[in-house]
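In what follows, structures are represented as structure tokens.
Note that chain A is present in both complexes that follow, paired respectively with chain B and with chain C.
== the complex of A and B ==
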């Protein structure tokens, strides 16, 4: 199977990259290992407003629906339930649905596998009823299932608070929010107001979770001593880190950048990785917010289009310049600084 | 533990669908994953870990942690959180190592 651009991962970055390439006249194949498109955005009911100028503010799922709508009106070939499983010696990419392997020959690849939630290890962490905050959000918003009746949330970043709030709205009694650090991590004061009645324990951690076959009890260590709570749900919001396997398969180089989520593929100002045919986009290029995620997809796509020769370099340069200006405006200052730092150290890669 | 009235989303899942978990007939909604359907029926323990025989269930919800393995249509180690439920599906717990070698010989 031949194509101009193969996009791996159909979250917001991958969809945006695919749409950008499609509109410029490229043949595009978009694959995702899930049966659902949209990644986590598909399951998000929080409101997003800090977005690129051609995208309306709205709930995550509304923004996803608009992207899906655009996908349906495009010429993009979409394969859901297909995982990138390897590369051939000639550089072609193997994609499988678990039954057979498709060999895809593409001129350029854009890898947007996204991020995974970081697990948190404590005695009892594998008991059913312990799950990531993202999993709880999926259960509520996509599966229409209440994941428990009495819960605690571990972590106090904005995602933790959003999911805690969502659980409460579904009738789950959220008994506590546990934060290991000295201070609450979420900087959005309006979110803190909304969760007003949930007690927050800072400088605290889970000592253990107990139960027969499922979570029944959790013991938390606080500065004022130990606290036993009877819960059937422990949600863990321990941050995100980039997914690396597709980059490992394609022999990309890696570097460690704490401010971008840890180990990350090296890339230059074109979002080109250590493999000259592979671009990176989205959270895999550094953990960030929805607006910047969409922009990185667009930047990677324009660069790929320019390299293939479908768009003149003058047009590409102009597009990229504007997108970088927008990225600097939308992205968290510290994350953007770390990104520039990575890019400046990477431009030395020679192919 | 089904959510009939969602606090934010107007459109919920409508159509009923039936499946079997360890030979017990259960009801779920069309559009749910196997993991979602099990949890909607109050089942948190999907199986047991192979080495320490501990309970395992849904953890990451996105097909990466491999905690939610089940057996479907005689195939072991199916990731239940990324597999859509189908009418009449027969889902079994993964409670030990698969009997792959023996199956191959028998067939």
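== the complex of A and C ==
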């Protein structure tokens, strides 16, 4: 199977990259391992406003619906339930639905596999009832299942608070938010106001979870001593880590950037990785927010289009310049600084 | 933390087993994997890699940025051997496994 652009991962970055390439006249194949498109975005009911200027503010699911609408009106070939399993000697990418392997020959690849939630271990973390915040969000918003009746949230970043609020809205009693650091991590003060009466324990951590066959009790270590709470749900929001497997399979180089989520593929200001046919987009290029995620997909796509020769380099340069300006405006200052730092150190990728 | 706490849930490896591997000279995730099977189960280290690296850092004094990435190989996700050798004429992966195809062309 031949195409101009293969996009791996149909989260917001992948969809945005695919749409950008499609509109410029490229043949595009978009694959995702899930039966659903949209990645986590389609399960998100939080409100996003810090977005690129051509996208309306809204709930995650609303923003996804608009992207899906645009996908349906495009010429993009979409394969859901197809996972990238490897690459062939000739550089083609092997994609499988569990029944057979498709060999896709593309001029350029845009890899947007996203990120995964970081696990947190404590005695009892393998009991049923312990899950990541993202898992709780999927259960509620996609599967319409209430994951528990009485919960605690571990972590106080914005995502942790959003999910704690979501759980409360579905009638789960959130008994505490536990933060290991000295301060609450969420910088959005209005979000802190919303969580109102949920006690937040800073400089605290879980000592153990206990129960017979499921979580029944959790013991928390706080600066004021130990606290025992009776809960059946422990949600863990311990941050995200870029997914790297596709990049290693395609011989990209890696670097460590704490502010971008740890190990990430090296890339330059075009979002081109150490493999001259592979671009990176989305959270895999550094953990960030929805607005910047969409922009990285667009930047990668324009550069791929320029390299293929579908768009002149003058147009590409102009688009990229504007998108970088927008990225600097939307992205968290520290994350953007780390990104620039990475790019300035990777101009010397050799092919 | 209690040393019997599970770190790799797929292979049921606990903190004590990982620290023992470190005492025997393991310096990286891959070293621990080869000594204990940690990270070799169905999830292929997707859950335990972060916690294991923290244990290594705590025990060796190294920083997380100085701990190398684990080796990632094809197939990226678990896949049936049968599926890997389908469409045999067009697949160079299949050439490696061609001997497992019998005379009737059925994949074994």
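Assume the second predicted complex is superposed on the first by the 351 of 351 C-alpha atoms of A that agree within 3 Å, B and C clash if a C-alpha of one lies under 4 Å from a C-alpha of the other, contacts with A are read in each partner's own complex, and residues count from 1 in each chain.
Everything below uses one rule, namely that a contact is a pair of C-beta atoms (placed from the backbone, for glycine too) under 8 Å apart; a residue touches a chain by one contact, two chains touch by 3 or more.
Everything numeric here is computed off the predicted structure, so don't read it as measured data.
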Superposed partners chain B and chain C on chain A - clash or fit: fit
Partner chain in contact with A:248 - chain B first, chain C second, else both or neither: second
Partner chain(s) touched by A:340 [first = chain B, second = chain C, both, neither]: neither
Apex chain A: angle to the C-alpha centres of chain B and chain C, given in degrees as a multiple of 10: 60
Partner chain in contact with A:119 - chain B first, chain C second, else both or neither: both
Chain B versus chain C as contact partner of A:35, first or second or both or neither: first
First, second, both or neither for A:86, with chain B first and chain C second: second
Partner chain in contact with A:96 - chain B first, chain C second, else both or neither: second
First, second, both or neither for A:131, with chain B first and chain C second: first
Least Cα gap, in Å, left between chain B and chain C after the two complexes are fitted on chain A: 5
Shared chain A surface residues [contacts with chain B and with chain C]: 33, 116, 119, 126
In the complex with chain C, residue positions of chain A that touch it: 33, 83-90, 94, 96, 98-101, 103, 116, 118-123, 125-126, 208, 238, 241, 244-246, 248-249, 254, 256, 258, 262-263
Chain A residues touching chain B - in the complex, by the definition given at the top: 33-35, 40, 45, 59, 61, 116-117, 119, 126-132, 134-136, 138-148, 166, 169-170, 213-214, 232, 243
Complex contacts: residues of chain C adjacent to chain A: 1-2, 4-7, 9, 15, 46-48, 50-51, 64-65, 69, 71-77, 79-80, 83-84, 86-87, 90-93
Chain B to chain A touching residues, read off their complex: 1-3, 6-9, 12-13, 29, 32-33, 35-37, 39-40, 44-46, 49, 54-65, 67, 81-84
